[in-house]
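Listed next: structures, encoded as structure tokens.
Next come two complexes, and both contain chain A; in the first it sits with chain B, in the second with chain C.
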Partner chain A sequence: MFGLDYSWLADPAYQQWLLTGVVNTLNLAALSSAAAILIGMLGALGLTLRIFWLDALIELFVEVFRNTPPLLQMLFAYFTFSNLGLRVTDPSTGLSVPLLSAFACAAISLSLFGGALATEAFRSGIETMPRSIIDAARSLGYGRWARFWRIEAPIATRICLPGLTNILTNLFKTTSQASVITVPELMYYAGQIYNDTFRTLEVMILVLLIYVVLVSILTFAMARLEAFMAFPGYGRGH
Partner chain B sequence: MAGTLENVKARGKLVVGVKNDYVPYGFLNDKGDIVGFEVSLAKYVAKELLGSEDKIELVPVVASNRIEFLTAGRIDAIFATLGVTAERAKVIDFTTEYVSAAGPSVLAAKEATVSKWEELKGKSVCGIQGSYYNKKMTEEFGINLVAFKTQPEAYRALKDNRCIGFVFDDMTLQQKLKEPDWASYKIAVAPYEFQPMAGGLRKGDTEFHEAVDKAIAKAEAEGKLIAWETEFGMPHSDYIAARAKAAVAKKN
Partner chain C sequence: MIAGSMLSYDGKKRAVLLLIAFGVAVWIGVDAAAGGSAHWSRVLARLPLLLTGSASGWPITGGFALNIILSIASMALATVLGTIMGLATLARFGPIRVPSLLLMNFLRNSPWLVLLFATLYFLPFEMHVFGTTIAFPPFVKAVIGLALPTAANFSEVIRGAVQSIHSGQWEAARSLGYGTGQIYRHVIMPQALRRMITGWMNSYALLMIATALATVTGIQDVLTILNTLLAMENERVIVYFYLTILFLFIAYCYPIAVVARRLERAVKGESL
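Presenting the complex of A and B:
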């Protein structure tokens, strides 16, 4: 159809590459998403404490990782950390080798990048919460911590879920940049396959579809989570 | 649809894809001009087709985009270290072959003990994404290929010991070894194959194909390719000498 030729898909080597690529993409996305959410929660929690130096530190973290390209962060982690001394001696060869693998460098930089964005998302959730709810909680005698865990956090989480969905889908797609530091994910193998077969259009279409399917599953799950967590009288649960 | 030969003549200019980062085939000289063995050949072809070697536009290409450039009509021909392979022959036509180039070899530290391809099994070796031999490296030799987008990153990673060697075109690695920075490195594993190189043309363009082949044969018969080997500091190959002899014999 349309002169597209997918005969290369019959080659077991290419099947293996695509499979490995998808698995590595999923691993990288899952790991960095989980870490980004955790970092975001800790960051937003830190901001509620109103400690001057902690505020400054978190803001610096957000500015640095939100305002620089993830591609650059990965290259920096991959080439610069090892030259700054993050090295170990490989017992089998006796050579001094970089401590962090390409996958670790990609996972760390994506986690920090996603974490910086998630910090802001969670902060917006906390800050946009109606004052009246907090006043009501206070009048009922909730202390600072009880108020955070039992009132603020549950409501803020619901408010920031749409924003978080954006961040996670973005993070998922950004894993494709890890091919630059040789992480063999989907784009890495896609490039190799179309360089071998010259079926550029066909490979691009297939990879596009794989990303659409995978990211759609993620956004569907997030939409379900949003619906599940919705509470009466607020947002869609209205 | 008009053939490429008519287009080229109507335009008065031959548009050729060449390398600009590959000594000795196509590279930038001190003045910033693109020169090299294949650039000289391309200029010779332009002279044969249009009467002057200045009637040429050199378009720098890289391995991963040159065939797209050709099939999309951005260039008329490729003279850019294009190895002749069956896979490529499905998509483009090759001119007559004019060079027999060594395939990939492995650059490694002088202390490295590996000397055969089979000994690289399970080892991490740096490479370049999209090289034609990558599949063979992983499938046949069982190498854990760590492939980068471009060469500088691969050289850096080799120096960082992220891989025990760098598999790349032998000619490029030989040139790299001449740099003082790389004095403590060697070609650890020699090429397993020699591959003919040819120009690339769009499929089924017979008239243009014949004209280009004729120009290449003429250059061979005049001993031009041997002269260019000398000019660009290449070791003289038996292959090119034999082709020159055959071209002269055919002419007489």
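Presenting the complex of A and C:
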């Protein structure tokens, strides 16, 4: 069809590469998403404490990671961490090797990048919480902790969900950039396959479709989660 | 202590940030005194090359200036494409709306890097249309490859802005005898444009950051030049070079983010 040649897909070696690539992409995305959500929660909670120096540090972290290319962050981690002393001696060969693998470097920088975005999303979620709800909880006699755990956290979570969906899809898409620092994920194996077969166009179409399907599944799942958690009569829940 | 109590919360916060900036400056000074100055002078010697792509700083053939030119060209294309796509997704006529929604979601769900690679391989080296030859050098491919996802982002901004205008205004304009085109031109767009500005700026900031990806097309952008330079430098200097490039991006993108946030706050109050 359209003169496209997909006969290489019948080769089990290439099938194996694609499968390994997808698994590694999913691993990298899952790991960095979990870490990013954790960092975002800690960051947003830190901001609610209203300690001025902590506030300044968190703002600095968010702005640095939000205003620099993730690709550059990954390259920085990959090429400089080992120079700055993060090296170990391999006991089997006696050679000094970098402590962090390419995968670890990609996971760390993606976590920090996503964490900065998540901090911002959670912060705005907490800020847009209607004051009247907090006042109502206070007048009902809720203490500081009970108010946070039973009133503020559940509502803020729901307000943040659409923003979080954006961040998670963004992070998933950004994992493809880890191929530049030789992390063997989907995009990396795509390069390997077309270097082998010279079927550049066919490989790129297939990889693009795989990414779109995976990201679509993620957005669909998040939309279902949003619908499931929506309060009746509040936000998008009707 | 007295000075501390006189400062507001934001004032204290700003003081801490200034202190950090001062600390970084001191660290650079101490590091320079402790032998880092040799490294910094290597960076300084290469700075014109990193900024403009030529060793003397002129003419501009690449470097960070090329990233800026690329982002502006891409944004211009993305604004046109995004406006068309955004309005198409709002069309009431199904055969226009459904395909454009599908296209928008496809572009939004695919990674920037993969789209850029795809554009690189989909577009031919040159194209012959009715006897005229249209060439696609790597720079043009990079512009198109980065404009596609940005256009999808921006079309969503337009959609959001148009849909945020109260439906009563449509009804009022209709009852006054305005046609759809007239309503868009005289009623909806003047208001929606104001709400689009921050979304447009955010799209631009995202695009500027993504121009770092253009290094895969082989154009002489700041990352390509950095990689070429690092091949000639020793391992210690690499850190200094990376810090410099990171700082360039922050220096360019952070002011845009600040202005966008200020505008957002200014537009927030108005509704209906």
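A few remarks follow.
As a convention for this text, the second predicted complex is superposed on the first by the 238 of 238 C-alpha atoms of A that agree within 3 Å, B and C clash if a C-alpha of one lies under 4 Å from a C-alpha of the other, contacts with A are read in each partner's own complex, and residues count from 1 in each chain.
As a working rule, contacts are C-beta pairs under 8 Å (C-beta built on N, C-alpha and C of every residue); 3 or more make two chains touch, one makes a residue touch a chain.
Since we're looking at a predicted model, the values are computed, not measured.
Superposition note: with chain A as the common reference, chain B and chain C can be accommodated side by side. Touching more residues of chain A than its counterpart among chain B and chain C is C. After overlaying the two complexes on the shared chain, residue contacts for A:N83 are found with chain B and with chain C alike.
Legend: residue contacts after superposition of the two complexes on their common chain; A:V207 is shown touching chain C, with no touch to chain B.
In the superposition on chain A, A:F52 contacts chain C only, with no contact to chain B.
Vectors from the Cα centre of chain A to those of chain B and chain C enclose 70° in the overlay, to the nearest 10.
Look at A:A10: by the touch rule set out above, it reaches neither chain B nor chain C.
Contacts of A:D196 after superposition on the shared chain: chain B is touched, whereas chain C is not.
Put simply, chain B and chain C get as close as 5 Å, counting only Cα atoms, in the superposed view. Taken together, the two complexes place residues 79, 83, 179-180, 200 of chain A in contact with chain B and also with chain C. Residue ranges on chain C touching chain A, taken from their complex, read 9, 12-14, 16-17, 20, 105-106, 109-115, 117-118, 121-122, 205, 209-213, 215-216, 223, 230, 235-236, 238-239, 242, 245-246, 249-250, 253-254, 257.
Those residues of chain B that touch chain A in the shared complex are 63-64, 67-68, 87-88, 90-91, 129-132, 134-135, 138-139, 146-149, 153, 156-157, 160-162, 164. By the touch criterion given at the top, residues 13, 79, 82-83, 90, 93, 95-98, 102, 179-180, 182, 188, 191-192, 195-198, 200 of chain A touch chain B in their complex. Residues of chain A touching chain C in their complex: 50, 52-53, 55-57, 59-60, 63-64, 66-73, 75-76, 79-80, 83-84, 169, 172-177, 179-180, 187, 200-201, 204-205, 207-208, 211-212, 215-216, 219.
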